[in-house]
Amino acid sequence: MAPKRQRTASAGSAAWTTNLTSISPNKILVRGYRLDDLMGKVSFGDVTYLLLTGELPSPNISRLVEAMLISFIDHGATPPSTLAALNTVTTGAGIRGAVAAGVLGFGRYHGGTALACRALLDKGLDIVRSGRSMADAAAQLVQQLVDTDDLPPPGFGHRYHTIDPRATRLLQIAYELEADHNYTQMLRALETAMTRHEALKGQQLGVNIDGAISAVCGNLGLPPDVADALLIISRVPGLTAHVLEEQRRESPMRAIDPGKHSYDGPSERRLPEGRK
Amino acid sequence: MAPKRQRTASAGSAAWTTNLTSISPNKILVRGYRLDDLMGKVSFGDVTYLLLTGELPSPNISRLVEAMLISFIDHGATPPSTLAALNTVTTGAGIRGAVAAGVLGFGRYHGGTALACRALLDKGLDIVRSGRSMADAAAQLVQQLVDTDDLPPPGFGHRYHTIDPRATRLLQIAYELEADHNYTQMLRALETAMTRHEALKGQQLGVNIDGAISAVCGNLGLPPDVADALLIISRVPGLTAHVLEEQRRESPMRAIDPGKHSYDGPSERRLPEGRK
Amino acid sequence: MAPKRQRTASAGSAAWTTNLTSISPNKILVRGYRLDDLMGKVSFGDVTYLLLTGELPSPNISRLVEAMLISFIDHGATPPSTLAALNTVTTGAGIRGAVAAGVLGFGRYHGGTALACRALLDKGLDIVRSGRSMADAAAQLVQQLVDTDDLPPPGFGHRYHTIDPRATRLLQIAYELEADHNYTQMLRALETAMTRHEALKGQQLGVNIDGAISAVCGNLGLPPDVADALLIISRVPGLTAHVLEEQRRESPMRAIDPGKHSYDGPSERRLPEGRK
Amino acid sequence: MAPKRQRTASAGSAAWTTNLTSISPNKILVRGYRLDDLMGKVSFGDVTYLLLTGELPSPNISRLVEAMLISFIDHGATPPSTLAALNTVTTGAGIRGAVAAGVLGFGRYHGGTALACRALLDKGLDIVRSGRSMADAAAQLVQQLVDTDDLPPPGFGHRYHTIDPRATRLLQIAYELEADHNYTQMLRALETAMTRHEALKGQQLGVNIDGAISAVCGNLGLPPDVADALLIISRVPGLTAHVLEEQRRESPMRAIDPGKHSYDGPSERRLPEGRK
């Protein structure tokens, strides 16, 4: 629950603290580690995790977090958040303004669905805690969703993909790294229950990347707001790349029709040998 | 130079292209690589670099880019951009709005100095190309800066640090990874020339992190706007962590005095054994 | 209730309409009126009302709307939204970025309280519709607020003012212009009930400007989101003036302590003769 | 010129002042006037002018400023700034985020052209001050613009209108209110010179609203940044109205093609009798 609005008699400023980063002359500590020690020894994703959770990830969790951050890094020119950034930069606004506009475009129907999915998974796990099996809990939840016509549920289905390749891969990596726990299990139980439900025959309601990230973050014990934060962080490089591309390739003040764009980059290619 | 404002007879939308990410049903290619292939094999920093430059970094460049991204990831509660984010979130605005406000706070005196430093380094390297030595070129530039009272130059000096530990470390890593080329050399030449200049005796004008990042990006052949983009991307995790902390620890609508904060996180500690 | 997320089989764009402004060559119609006809004949506040509601206000409503817009136009350097804008512009960000940061700082504890107050008033009026008197309904609501420790209620009390002069004046103008209907009556009934409640003795819970605006908008039949929009619009000139002042008067990258500012403008003065 | 980056030895916060609004318990003074006195006596546009310039406008200037604010209040769904706001709100972002995204979309090719036009007019007036006639100065400037292919100049030509009805009307009002001075004269001189230039035959380079606002602000002696600020302020109601309309009428996450929209509001209608 949100704290109540403060209304002290005085409106003055009070002392306050932060436990993130300590700044003293010529020394910067992030969560206790010297920033210059972290440089060269761990990854940017690791320090992101450190800032958000207080600890460096174990090697397995590090790999999982990197994979999660990559999975959401860009989705081409189709998301409204990217289009908000493009419409901003075409006016001659700078990189900062355009990236900020893109970040603002992660409303509750866009990046925000991961939060809603987490709530759904928690609801399912509550039922399990009351003594039901995963499958039963999932079937019960799906029946409710059908009854209230609340479909697709957050974390399932996609405008473009029938099988979201990012979700499949992220769940696989979680499995390989032994991070396949209750949240991802509930996610798959829900997917299965939807496949089996009479009323949902033929509908494409596979797990999407928002759902997979939401569940993996649940497995890792990350609070919902940290999961939400990771989604925002992960898309910023993609937004920024689109903004730079618009500045370089297009005329200012153009009318941007998302239906009229195509891809003219490299054809499909293999990863260089020897990448991890 | 910026393209001219478009004024076609018709104001209709035209076909356009992107070379970043291709979206087709169940397949996402980033610069030609399957996104699900990248997941688990490379780092988030690598895919950021891929999006911004078109190619995956070599292992050495990968380590350098990770170090660069880490170096700027947070600077505590002191930067105005962080304070803009905190003042936004204390009103009950969500994460997105507060992070966006933080991104907007990278004006030309804040993150923007890296761009100005790059221009300064380019000016120095132009003099070198005309036949002068690094040291001579640097001395000439410093004399100009003193004459026009344009001090401190962008990339040098810091409000809190006399020796910026991030800059020292980043330049060291660049050296170790054999990425110490003309831009970092010019940066150090300028630092030396300032130390030697009569009029700057006793002034603390060491290389700061903006300068080090700017020079390293120059060495890597990254265009100035890509270097600028990397700075923005790198600070987003820090901004986000401050926003979450404010939501959790503080009362809404508080008056935020940057002079009244202190650090209450872990004391200095060593990196866990075995980190790379 | 918000509409459900659209998931059409195709993700293409569809035809859509706007009923705000028609653009044809050399002719601009706002809600059917020629924009060049409106210029010089009505006020900016009138066209704002026209855009938001579909009709021009009557002369009385016009005066009330202007008074409302003025009442919230600025509150000095104390609000966090203003501080967000100042912290943004001190970095060298432009006017647009700083004003946008300010707009983002109208979270639910700041400008957003008008929405919460409207809900409270609606709750009171619902009780009245069930047959109770205003005073009874208000007493019942206040008892609930005390029981749940939900104090101060949205629309009442202020960090700086015990009697909010803007609220007093706006309610007076509404009365003079014969726009004192059920919402403002319920607002005053709540204020009275709080004065009389044993547990709230000595507390300063007078109507504040958020409450007064909320109630006046209710009287005018404006939907809550339009009232919310009016609040945002009304503060933009104030935010902008602070941003320009910061650019002109202060050094970049300064540490902004809200407790250390004072006013150095003109002393109190009378309105020029003959203003309406 | 922008002030230099501050680098004091101490990074502490210093005392500072504002001359905009004084806040003391139960009393708010805007530029010395009690805010509750202004309410009901002057217009929102007047207090906007008061905040930005320090004084209330005379009745004639008041009418001119209102007309200016109205002239730029909305331009339908076609501007990229409006499309940025729509793309943001379709994701389920709130009003604040979407309006902020819209404000960010006033880059230098969009609202920013008024600044560039002001610089052009100043250049022309400088030539006049050196002893040339308006017509000669304008002809000389136009020849330069043609030589450097810097066409259309800022303030002239429009994507949709060959004759911008807002510009025509604003200049007419300025004339009627005896505010037709050197800047508007130079603006018209430039328009005439372009009509007469051989190389520009048949091109539609009439004065647009950015140009008219820029010149009228020049006549009023408003600094360029105040003129720029007025443009931003004036469009906020329009942006907000589009955002509310999107929330009410459209499905979330829609693909927004600016070429597929049409107007379905009231047909052209006359102003009610008796409006001023």
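For clarity, chains are labelled A, B, C and D in written order, and residue numbers in each chain start from 1.
The rule is simple: a residue touches a chain if its C-beta (ideal position, glycine included) is under 8 Å from a C-beta of that chain, and two chains touch if they have at least 3 such contacts.
These numbers were taken from a predicted model, which means no experiment stands behind them.
Engineer: Contact counts by the stated rule: is the higher one at B-C or A-B?
Structural biologist: Top pair by contacting C-beta pairs is A-B.
Engineer: Could you classify the chain A-chain C contact as same or different, where same means more than half of all interface residue numbers appear on both copies?
Structural biologist: Same, since most residue numbers here occur in both copies.
Engineer: Distance-wise, how many Å sit between the C-alpha centres of chain A and chain B, to the nearest whole number?
Structural biologist: 24
Engineer: Suppose each chain is reduced to the average of its Cα coordinates; what separation in Å results between chain A and chain C?
Structural biologist: Each chain's C-alpha centroid was found; their separation is 34 Å.
Engineer: Using mean CA coordinates as chain centres, what's the chain B-chain C distance in Å?
Structural biologist: Spacing between the chain centres: roughly 39 Å.
Engineer: Using the touch rule from the top of the page, what residues of chain D touch 2 or more other chains?
Structural biologist: 4-5, 11-13, 78, 92-94, 96-97, 100-101, 104, 106-107, 109, 159-160, 252-253, 255-260
Engineer: Which bits of chain B are touching chain A when the two form their complex?
Structural biologist: Checking each residue of chain B against chain A gives 2-6, 11-45, 47-48, 51-52, 54, 56, 63, 66-67, 69-71, 73-78, 92, 95-97, 99-101, 103-104, 106-107, 160-166, 168-170, 173, 176, 225-226, 228-229, 232-234, 236-238, 240-245, 247, 249-257, 260-272, 275-276.
Engineer: Spell out the residues on chain D that touch chain B in their complex, using ranges where they run on.
Structural biologist: Those residues of chain D that touch chain B are 4-5, 7-8, 11-13, 78, 93-94, 96-97, 100, 104, 109, 113, 150, 152, 157-160, 257-259.
Engineer: In their shared complex, at which residues does chain D touch chain A?
Structural biologist: 78, 80-81, 83-85, 87-94, 97-98, 100-101, 104-112, 159, 252-253, 255-260
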